[in-house]
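Across the two complexes that follow, chain A remains constant while its partner is chain B and subsequently chain C.
Then we have the complex of A and B:
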């Protein structure tokens, strides 16, 4: 049977309005978007939120992936082991490039842990069911016991929400990153020299620079946590809204974008941590010395170029 | 041993890190300064209206600019 498109469209829309009329309203509503997470249950005094569930989920994914890849290790890697070795190898090279060979190797475990953890925490955003499976609020009437339609459609508490769309999560990782940076600073420079970076009473300019350093540390915590939170939360809202406005088709365009954003944010977080770590182990004297050294070598190069001519 | 790796790529990554940081370096000190000024206005000088807030805001702006300049000066030259 052949249906002309002009006949098909009105009948489809007519059908839709019929369903809407039956339901007494729209088929589904835009989900309520909260900035804060929802507490699902409490273990003793500790609230367990849907973003916390996601952070545990990401831990399990990272653990399973890396334990699975290293369980039966072969000298000539194959399959999963090969893939994981490739990723870790790229990161080691990156660490060595930024922080130098010996320090890059020492920073690698910390930086790589942050990278892979955030990568999978961000990527869970696009798993179907995240943000859309949950417990119905009291007073709702699920169709067939499981589906919420019409005016009830946004009245539920999601079980899982992307971990990085919760400021508590990103702030926690930012604090870990900044505290570890400080610990490395104390260990390599010693107490006096490291504190001297922030509190310098020898000259007024040094004192102001020290105050600036303290402000910069605060700016670091805030920029780390808000950059990741803002990007992932915005992506999450984008996927939710498009899934509501244009189901099935709308979000597919943005899934690759969210994969990309999730990767970039994980990379930026770990790369900044690495750069700050490599700055923390450098004293001011070292910095001046190396700047002087660079100038000196440039002068030397110029001189030798002159000599050639 | 110098901790400063002086190859070009390290400089590139540090510059890249700086790009992600500059906005916050300007914004955060201004917000901190404004809050400090507001606290001073409310708690200490009851009759200065918003003078301390404005002063704190400007001080924060100066600190932010100084932070950005310092961060750029610290980049390895190549």
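Then we have the complex of A and C:
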């Protein structure tokens, strides 16, 4: 195990900035920033990266939590079951509020898997050792066998890096979200009606709106994946830079913020997925009827208010 | 084993193998959770909801039955009060009747005793008069014997004296 002295707290940054030791040389350097994950080893053509390991770690955490909590469930919950039920219960209520009771129940497993998987994938960035334990690059000279100091301090490949800071991870979840939304749309509305949302030849405006809907579907994949990637990657870099400039104290201040950002990003991703799922099972006719109903209600309310006055 | 290196197959580190692996990861996670964890969670939540609903219904039913029982108890208490009032009234009437009966019996008994006493007094008076009459007759005979100087026939004397005393009386 190699442990760069500059990375006692999470770090991934680098560059020319360095802190000078008494002798005039750098005590440690900011690590280099790589957008892509690092391949640690390969199995045939398949690369095993540090973000993939983190996603497995997140999967294990989610599975241990849920399978542990639901293994022997009691009517009166306590301990882990109570905690998991509390979290899942809030999400069930949210799903049922947004999509209605029957659809909310049907969407919950998918939305909950996204939420909890992303939540723990985001939160792993604050675990000590993530981004800071790794394999030294060739030609480095570890101090005491495990520490990298001075010019060598940023020359290592971290073993674990937050999964959400890898576009492969966020893009995969975004693709799944959009594809599953389309599957629900086809299954609920039928092929003709669902395709009719995108290819509408009845009137020019409807046609343009349909084209915009197609563009929006692709834009959704990009916005989903880049929003999550950008937030978590930026947070990771922030913690690393602060960990290098002001070890221990700097990142600690930002841990609560990163926990909050991690939660918000997981929630936004799953909430948007839920909203798009709800929209996918609604036909244009239903939307118009709903809009007309709302308009009618508003007119009715206005009329009632007018009558009162 | 390979020397670690940064993935740079496509811009931004996108790699088809990794993308596929992440898709597979999510699929596996979703399958396990949807197959084993969430059904158990829903089952427990539904069971608890049913238990709570049953509890609320039982509570409502118990409340209704309690109100009904309270109403019945009030009715029973009211009937018991009426009955007790009736019993008290009946007891008063019966007591009055018994009192009157006892009083009547006592009066009758007193009258009987008084009558017996009066009869006994009359009897004793008659006895006393007889005794007095005999003594008087004896004294009269003795006196007459002394005055006449001769002894009259005893039976005649007595007859005469008694006749006299009867006429005197």
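The working rule: the second predicted complex is superposed on the first by the 275 of 309 C-alpha atoms of A that agree within 3 Å, B and C clash if a C-alpha of one lies under 4 Å from a C-alpha of the other, contacts with A are read in each partner's own complex, and residues count from 1 in each chain.
Here is the rule we use: a contact is a pair of C-beta atoms (placed from the backbone, for glycine too) under 8 Å apart; a residue touches a chain by one contact, two chains touch by 3 or more.
The shown structure was predicted, so the numbers you read here are calculated from the model rather than taken from an experiment.
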First (chain B), second (chain C), both or neither touched by A:227: first
Chain B versus chain C as contact partner of A:268, first or second or both or neither: first
Broader residue contact with chain A after superposition on the shared chain, chain B or chain C: C
Partner chain(s) touched by A:219 [first = chain B, second = chain C, both, neither]: first
First, second, both or neither for A:129, with chain B first and chain C second: neither
Which of chain B and chain C A:98 touches, first, second, both or neither: first
Partner chain(s) touched by A:142 [first = chain B, second = chain C, both, neither]: neither
Partner chain in contact with A:209 - chain B first, chain C second, else both or neither: first
List of chain A residues in touch with chain C within their complex: 34-42, 45-47, 49, 51-52, 55-56, 59, 62-63, 66-67, 69-70, 73-75, 77, 84-85, 88-89, 92, 105, 108-110, 112-113, 117, 134-135, 138, 157, 163, 166-169, 171-173, 175-176
For the chain B and chain A complex, residues of the former touching the latter: 1-7, 9-10, 13-14, 16-17, 20-21, 23-25, 28-29, 32, 63, 66-67, 70-71, 74, 76-77
Chain B partner contacts - residues on chain A that touch it in the complex: 94, 97-100, 102-103, 188, 208-209, 211-212, 215-216, 218-220, 222-223, 226-227, 268, 271-272, 274-276, 278-279, 281-282, 286-287, 289-291, 293-295
Parts of chain C lying in touch with chain A, wherever the complex brings them together: 1-8, 12-15, 17-19, 21-23, 25-30, 32-34, 36-38, 40-45, 47-48, 51
